[in-house]
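I have a structure I would like to understand better, so I am pasting it below and will then ask my questions one at a time.
Lettered A, B, C, D and E in written order, each chain numbered from 1.
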Amino acid sequence: SNQDSQEPVNKKELLISSAASLSNVMTELVDTFEEKNPTITISLNFGGSGKLAQQIQQGAPVDVFLSADQKWMDMLDENQLIVSESRVEFAENELVLVGSGENDIKGYSVQDIDFNRFDQIAIGNPDSVPAGSYAKEVLDSLGIWENIQEKLIYAKDVQQVLTYVESQNTDIGFVYESDLYSSGINKITTIDQDWYSPIVYPAAIMATSNAFTEAESFISFLKTDQAQAILQNHGFYN
Amino acid sequence: MLSLDITKQLESSFSIDMKFEVGEEIVVLFGPSGAGKTTVLNCIAGLSRPDDGSIQLKEQVLFEAKHKPIPIHKRNIGYLFQDYALFPHMTVRKNITYGMKDESLMNSLVKTVGIEHILDSYPRHISGGEKQRVALVRALATKPYLLLLDEPFSSLDDQTRKECQDELLRLHTIWKIPVIVVTHDYEEAIKLGNRILKMESGKIVNDL
Amino acid sequence: MLSLDITKQLESSFSIDMKFEVGEEIVVLFGPSGAGKTTVLNCIAGLSRPDDGSIQLKEQVLFEAKHKPIPIHKRNIGYLFQDYALFPHMTVRKNITYGMKDESLMNSLVKTVGIEHILDSYPRHISGGEKQRVALVRALATKPYLLLLDEPFSSLDDQTRKECQDELLRLHTIWKIPVIVVTHDYEEAIKLGNRILKMESGKIVNDL
Amino acid sequence: MNYTPFFLSLKIAGIATVIVFICGIVLARILSRNKFPGKRIVESVLMLPLVLPPTVVGFGLLYVFGKNGPIGGLLLDLFNFQVVFTWIGAVIAAIVVSFPLMYQSAAASFQNYDKNIENAALTMGASKWRVFWTITFPLAWPGLLAGLVLTFARALGEFGATLMIAGYIPNQTETIPLAIYFAVESGNMEVALFWVISIVIVGFSAILWLNWWSGRNILRFTSDN
Amino acid sequence: MNYTPFFLSLKIAGIATVIVFICGIVLARILSRNKFPGKRIVESVLMLPLVLPPTVVGFGLLYVFGKNGPIGGLLLDLFNFQVVFTWIGAVIAAIVVSFPLMYQSAAASFQNYDKNIENAALTMGASKWRVFWTITFPLAWPGLLAGLVLTFARALGEFGATLMIAGYIPNQTETIPLAIYFAVESGNMEVALFWVISIVIVGFSAILWLNWWSGRNILRFTSDN
């Protein structure tokens, strides 16, 4: 019998909880990473950032957390569930306005758009969906947040905003630039970054991780040019 | 008047082939267990469908081959089922009044057959003979054009049975409707029947 | 041998108060509808609970006030229920073999009472008298230590009834067990009973 | 604290339950009476909303009742009425997801009783309608009650499909489950707990009341003792 | 295409259904036999998972079965076994959400039949156990089947609670509903449609088969014609 295995004996497993909005790009990033680090196998867990943070709080055996928003990472940090020093920001995103059907306002700047002409506007729930809170910032800065209250439909995630716009049940909606890469939706305009605070994606290693070295190498991989190129291909720029 | 001329194939080898008339009289169906007596009553009441023939009550054609039969609830027939078929979720009183047309009948009937004390009981809580008497009163209370009684007194003691028989005879002289009674008791047959139809394996073998 | 001495208050005014013994004989319980006959049988079988007293079968105490009674399924009693209580989801054959201890009994019994042709039918599809005979065979097939028959032949014609009665008498001479039969038919009582207990409103009024 | 979700949830679950109860019984009765080829297939199709995750059901409803959907478009053209993003949409979602529960319970309860009792009522001159209400219905009641309880509970707790078709519009389509979900998602645990307790109380009271009412008015006639 | 979700869903729904079917029947039987004060309250508590949005149920399960939770902590201490993020967690989620459906159906079906038939079997010497299996169970079958169908369908379609306690880990806890969600999330509509059709086919086949099997083996003895 052949005692020697082809595979390295000490293959380490790494469990990464990743925000659902990163799902496409993460699959590709993980493939590349595993190619470069044959001793590491990565399992991915996807979900809304809030759900993932709560799972971690309840002891889910996660090694690395990639959040779509600072708020939940902060919460974990306060509870000393992450290794604070390992926290990095690895990607950024932009907010865009999408619409259904033909639009004569294509390419307009957001301040030139008359939001009163729309019947319904879909945004993520600002209290729980990061994209929604950025959208709220924009509408606040434009000074129309109060006026268009009854036009707003709150969604539980960005995907639902896309569904509403795609099925033409709302006229427009606010989503991320990166979301356009996975849907054939019609972009009206990218919203100028001046109107809202920067959208950044933090990553960190969990305090309970017992694969610290491997986790560390994944996080540093995220900052490599190769990884950044992949992120850019999917609409996350940095 | 009821006139009947039907055939019906039973799953069990033999077939029913009956032809008879019942005027304003009591006719007794008499015959061994499994002869088809209940099946004949079911055909008249509309619960079974004959294969061929016709059934007529007064001027109304209840059943005729290849025609839509008169629905059960329009036949105006009082039927005491062999297994009583009391409504389990209703008191004896409600069972009786369910199809009652003549309120005044109730009290005297209930008293005669001796079931006053159980009027507020549920069928599950009364004895076999009491159930049978409730079923009898329920069938009579509809004041039907035709009365079908399938072994109406089989669970009764001699005294109670006699009282019920007498009540039936009394009502019959008043109502003057056709009545068919199934019984296995020859004495009873003689006492009640203006005519006795002896049947065997689905056929009338003797019209006394 | 069965010896019984029980009292039981019935919801309906009167109370049962019975004391009697049954040796290896047939005892007929005879009395008007509602007298409490079925209730007495239910107490013996364990389906009803007396208020006080005791019931003893052979050496076994089935019931004694303030003691845990012997569970129904350990009493080894053959019981023909007044309303048959056939298993609706089993064929006649399965109904009979359900509690059968002696396979050889089946064929002869089924033939004698004349229900061979319906062995594979379901209870819903057989006539009233056929049901009664199935219930009889089912009760006998358990080869019990005690047999309780609640109006076992009430739905049978004279010929069939005679055959069933004779079969019961024949088996009794072989088995030599206590048998209690409830009937309203005086002739039948005389033919079957070694003793006749006449009861009224829960009490024995005459021990013939 | 805003109590709208409380009343909205009761209204939506109540209306949906009444509709499902009636339609479920009627359909179960019709299908139990008629045998036709493919009946089992129809019955299985009726189970569909139970097999699919509610969000997917909501997705389907959005496309059917949406502004450009086959039914939604028609309603908009004919009556200028929009289903999407209204509480009516929530009622539709609740109806669709709870229908299978009522249907299965009703179909089962119409299967298992003595048909001869119905016949007896017919011979006594009762119309089919009266027989249904006075005999069939009370005898089938335990199963129908089970269906009713399941339907109300499911309609009250419906979330995924409702969110999709009715959207989350505070004060207009914000049922208790939606309120709970967003409170949890935004980490607002006190508010979430408040609404969890509310929905439990509403659900409990309704179920307890149904059981009590039924025990008092119907079950004591049909069950032992 | 990776077919793991298919087998995983079948495994999880299958195991959950068997457990729920047995426990639901046992509990319904026990509660239907014994009358005690507060019985209605126990029954209503059992309905809880139906009233709450599945995500919230999942949240509760996460607290109970999590590392620091009462049960999760115990399991970790005693067996060094962690429920969160495993397919066992998905089974637990499916059990909890579908239990009320089975319980209600079973409780209703044990209520409505002639107790004298059981007595007859007892007098014939059958043990309580045998009476249950040969008499009670087949006579209650239509209701039990309804419960079985509802349970399997619900377990198969379970999403919200599963996502919470089992996580979405491709190949490990990825049931069909999660695969649908993930495919939609990543804009992969063809894949989503593929899985929707798959789950419908799995659900249909299972329900059709159950109905057919039951019609062949049980119902033809108990229902008319």
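By definition in this document, a residue touches a chain if its C-beta (ideal position, glycine included) is under 8 Å from a C-beta of that chain, and two chains touch if they have at least 3 such contacts.
Computed from a predicted model, the values in this text were never measured in an experiment.
J.: Once the contact rule is applied, which chains count as partners of both subunit A and subunit E?
T.: Expected: D.
J.: Measuring between Cα centroids, which chain is at the maximum distance from subunit C?
T.: Looking at centroid distances, A is the chain farthest away.
J.: List the interface residue numbers of subunit D and of subunit E, divide the shared ones by all numbers used, and answer same when the ratio is over half, different when under half.
T.: same
J.: Centroid from C-alpha atoms only, then distance subunit A to subunit C, rounded to Å. What do you get?
T.: Between these chains, centre-to-centre, one finds 79 Å.
J.: Could you work out how far the Cα centre of subunit A sits from that of subunit D, in whole Å?
T.: 37
J.: Where the CA atoms of subunit B average out and where those of subunit D average out, how many Å apart are those spots?
T.: Averaging C-alpha atoms per chain gives centres 45 Å apart.
J.: Residues of subunit A that touch two or more other chains: which are they?
T.: 51
J.: By the touch rule stated above, which residues of subunit D touch at least two different other chains?
T.: Only 59, 139, 181, 184, 222, 224 qualify.
J.: What residues in subunit C touch two or more of the other chains?
T.: Residues 83.
J.: Which pairs of chains touch each other in this structure?
T.: A-D, A-E, B-C, B-D, C-E, D-E
J.: List the residues on subunit D that touch subunit B in their complex, please.
T.: 114, 116-117, 119-128, 131, 134-135, 138-139, 218, 221-222, 224
J.: Quick one: in the complex, what on subunit A touches subunit E?
T.: Interface residues on subunit A, with respect to subunit E: 15, 17, 20, 23-24, 43-47, 51, 54-55, 58-61, 157, 159, 162, 179, 181-183.
J.: For the complex, which residues does subunit B have touching subunit D?
T.: 45-47, 71-79, 81, 83, 85-90, 98-99, 101, 122, 124, 138, 142
J.: Give every residue of subunit A touching subunit D within the complex, in rising order.
T.: Touching subunit D from subunit A are residues 48, 50-51, 75, 120, 122, 125, 127-129, 152-156, 160, 163-164, 167-169.
J.: Which positions of subunit E touch subunit A when the two form their complex?
T.: Interface residues on subunit E, with respect to subunit A: 59, 62-63, 66-69, 72, 82, 84-85, 163-164, 167-172, 182, 184-188.
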